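Okay, so subunit A shows up in both of these, paired with subunit B first and subunit C after.
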Partner chain A sequence: MSERAQQLLEIADDELLLGWRNSEWTGIAPFLEEDVAFSSIAQNEIGHARALYELAGRDLGKTADELAFDRAPEEYRSAALVEPRFVPDWARTIARHYLYETADQIRIEALKASDDAEVAGLAAKIDREEVYHRMHAEMWLERLVGEPRVREALVELWPKALGVLGDDLRPLLRERLAALDLPEVEPVERGKHSGELAELWEKMTVVRRSVPGATW
Partner chain B sequence: MSAQEQAFLEYVQGGGQVETSDWMPAEYRARLIKFIEMHGNSELMGVLPEREWILRAPTLQRKLALTAKVQDEVGHAQLIYRVVEDLGKPRAACLQDLIDGKSKFHNVFHYPTKSWGDVGVIAWLVDAAAIISQKALLKCSYAPYARIMKKICWEESFHILHGRDVILTMMNGTDEQRTLVQEALDRWWGPLMQFHGNPIAQGDDPSFSWRIKSQSNDEARQQFLDGYVPQIWELGLTVPDPKLRKDEEADRWEYSEPDWAELKHVVTGNGPRTKGRLQLRRTSRAETDWVRRALLAEAA
Partner chain C sequence: MTAESVWAALAEIPDPEIPTISLVDLGVVRDVAVEDDRVRVEFTPTFLGCPALEVMRDQMAESIRALGGEPDVQVILDDSWSTDRITPAGREKLRRSGFAPPAPREAAPPQLVQLQTAAFKCPYCGSTETRLENIFGPTPCRSIRYCAGCRQPFEQFKTI
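What follows is the complex of A and B.
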């Protein structure tokens, strides 16, 4: 696999799984407004995943759906941060939302500066929507940062958040989140999957696998 | 009835529309609240049967369409509850009455969803039945409700397209997929025939007298059958009612009498999934209660 395809798959898998996780709030969020907001964010993330898979798929000879659904769980390149199910825990949800959006911003900025015009172009397109996710995440963190359970969630998820980025970009994340005064920790590297990914994969592919090869 | 109430009744029966700040009889206000609140409840409870499938959507396109559809339903609940709020009942009170089982929601949202076929049938036919009632509300005597119905009907028409596409794709697929659709139609036909309610003479229906709605239950059902039975047949599906046929001369559909006892039993809180879904609403509200309290404290 080319380095480019691998990098695109990593980001696509993150966006896909987080999109799937965020969509779990549809219908049961603390406010109707947040049902709508999280559902919107989930749709954007899945839209981004699809665009990234399409680009990677051109190199790999696969469709976006094949890449999203037809790989075995251990083949996903996702970061540990996006895998766990947090519903109905709003504190962890907001902590992850904020940490992920901050890390993702750093990653997207780097991609926008890429020499590869296709990658840079797609990153710029994605970034236009991510701006709103960041505003949403910042608003919620600001409101709840004084809650001890949100602080605990930030500390707990911090090693996984560092794992969203490669070695080269991690110092930037530490710098941007300096105000939160998070501890010095070892990052949880990408690709080390928890059982929660396999569980999610079972669910997200259950209809698709029920009639193999069918069109849905 | 006082002279003022009588004049109001004649006004709305003549097609007149009322705004929030206009004077209205207490009974009219109470009827509006009950009617519109049930609509809001239905949108909100209608989210639950479909949300179970958001995680299982089989392609990225279906995932996006289903998530967007369910999101629309929440958005409708939000809009509708705002109308109820302006009439004097706050959203929090509506939600509380809903989870306490004190208010109702539509019969179709009391049933389980068993396969991806159900997802298609709900989006296509349940939304089709709903849009028929909702289009008739465009002429509602209460103008703010009629206005939001424009947006709602517009969005529902996309849900029907999405549902029809899900069904069409499966019907053009394998035998197993066609079986899933037929089984889903068999499950949903009874509730769909009950959806518009039992035939009540318009004179006996206060919602009609006050022109909250402008169409009888049976007219709505006939319109549904007229619009959708030919399409169902065209796809090669069988409607599970041996008596169903169109009397072309009378221009009316004949059908087996829907099970009105089941309808009453279900909407009074005894449907197969009523308790489970209300429990989910109660639990999820309790689990996120700290968030609402934290925000209230911050605002204070």
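What follows is the complex of A and C.
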């Protein structure tokens, strides 16, 4: 697999799984505005995943759906940060949201500067939408950063957040989050999956596996 | 069949979610090229997660077939669509249907403090005494604001 396809798949897998996790708040978020916000963010992330899979799929001779749903769980290249189910824990949800959006911004900025016009163009398009996710994440972190449960969640998820980025971009994440005074830790590398991915995969692919090749 | 006749046909297709505005008003048609019967349309999506995108693509293909053409609708996955591509006529149609059109895009991306100012105009009464209720709304492209002038919530298009 080309380096470009690999990189696109990593980001697409992150966006698909986190989009799914965010959508688990639909209907049961702490209040109506957050039902709407997390549902909308989920929809955007899954839209980004589809576009990234489409671009990767042009190189790999596959459709977006085939890449999203026809791989085995161990073939996903997702980061450990996006895999766990956090409902009904709002503190960890906000901590992950903030850490992911901050790391994702660094990754998107790097892609926007890419020599590959297709990758740079899609990254710039995705970034237009991500601006609103970041606003939302920053607003929530500002409100809750003094809460012990949120602090605990930030420390717990920090090694996984570092694992969203490659080695080269991690110093930038440490720098941007310096004010949070997070500990020096070893990153959890991408591709090391928890049991929660397998569980999510079961649910996520059930329709496609039950009626292979169905269209609607 | 000419590029002009295809543009005219596409201008008749309503947006699947906001039918007062057409796909051409929305700015999602980047280019039309006609070669004999083959019609190539460059379609530049709005929000990537918008469920209306597939409907738009199918409707464009159908409308080209109705003209006797063979459609080739190419989805362009680059950065060519922004809310600045919505035409002046499109913006006015949005406003008349109760959707506040998006503010023009500035060099820097939008900031939360900007959205929290009262500078956004109510599409019903024109008052600028409005406040942000939620960055997100019923679809990815909209936020929710509240007008203190006419005490009416309204949907504000996000600037992207």
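Assume the second predicted complex is superposed on the first by the 215 of 216 C-alpha atoms of A that agree within 3 Å, B and C clash if a C-alpha of one lies under 4 Å from a C-alpha of the other, contacts with A are read in each partner's own complex, and residues count from 1 in each chain.
Operating definition for what follows: a residue touches a chain if its C-beta (ideal position, glycine included) is under 8 Å from a C-beta of that chain, and two chains touch if they have at least 3 such contacts.
Only a predicted model underlies this, so the values are computations on that prediction, with no experimental measurement involved.
For the overlay on subunit A, clash or fit between subunit B and subunit C?
Here the two partners, once superposed via subunit A, fit next to each other without clashing.
Where does A:Val207 make contact in the superposed view: on subunit B (first), on subunit C (second), on both, or on neither?
In the superposition, A:Val207 touches subunit B alone.
Does the superposition put A:Pro88 against subunit B (first), subunit C (second), both, or neither?
After superposition on chain A, A:Pro88 lies in contact with subunit B alone.
Kindly classify A:Glu24 by the partners it touches after superposition: subunit B alone (first), subunit C alone (second), both, or neither?
first
Let me test your reading of the model: by the given contact rule, A:Gly47 touches which partner, first (subunit B), second (subunit C), both or neither?
A:Gly47: touches subunit B and subunit C.
Tell me the contact category for A:Ala113 with respect to subunit B and subunit C: first, second, both or neither.
neither
One more residue to check, A:Met1. First (subunit B), second (subunit C), both or neither?
It touches nothing on subunit B or subunit C.
Just checking: does A:Thr215 make contact with subunit B only, subunit C only, both, or neither of them? Give me first, second, both or neither.
Only subunit B is touched by A:Thr215; subunit C is not.
See if subunit A has more residues touched by subunit B or by subunit C, and give me that chain.
Of subunit B and subunit C, more residues of subunit A lie in contact with B.
Please indicate which partner A:Met139 is in contact with in the superposed arrangement: first for subunit B, second for subunit C, both, or neither.
The second partner, subunit C, only.
Have a look at where A:Val36 lands relative to subunit B and subunit C in the superposition and call it first, second, both or neither.
Both partners.
For the superposed arrangement, tell me the lowest C-alpha distance between subunit B and subunit C in Å.
5
Taking the two structures together, which residues of subunit A meet both subunit B and subunit C?
Overlap of subunit B and subunit C footprints on subunit A: residues 33, 36, 39-40, 43, 46-47, 50.
Enumerate the contact residues on subunit C facing subunit A in the complex.
Against subunit A, the touching part of subunit C is residues 47-51, 75, 77-82, 109-112, 115, 133-140, 144, 158, 160.
How about subunit A: which of its residues touch subunit C in the complex?
33, 36-37, 39-41, 43-48, 50-51, 54-55, 117-118, 121-122, 124-129, 131-132, 135-136, 138-139
Using the touch definition up top, name the residues of subunit B that touch subunit A in the complex.
Residues 44, 47-48, 51, 53-60, 62-64, 67-68, 70-71, 74-75, 77-78, 81, 91, 116, 166, 169-170, 172-174, 176-177, 280-281, 283-284, 287-288, 290-292, 294-295, 298 of subunit B touch subunit A in their complex.
Which stretch or stretches of subunit A touch subunit B in the complex?
These residues of subunit A touch subunit B: 20, 23-24, 26-33, 35-36, 39-40, 42-43, 46-47, 49-50, 53, 64-65, 68-69, 88-90, 143-144, 147, 149, 200, 203-208, 210-211, 214-216.
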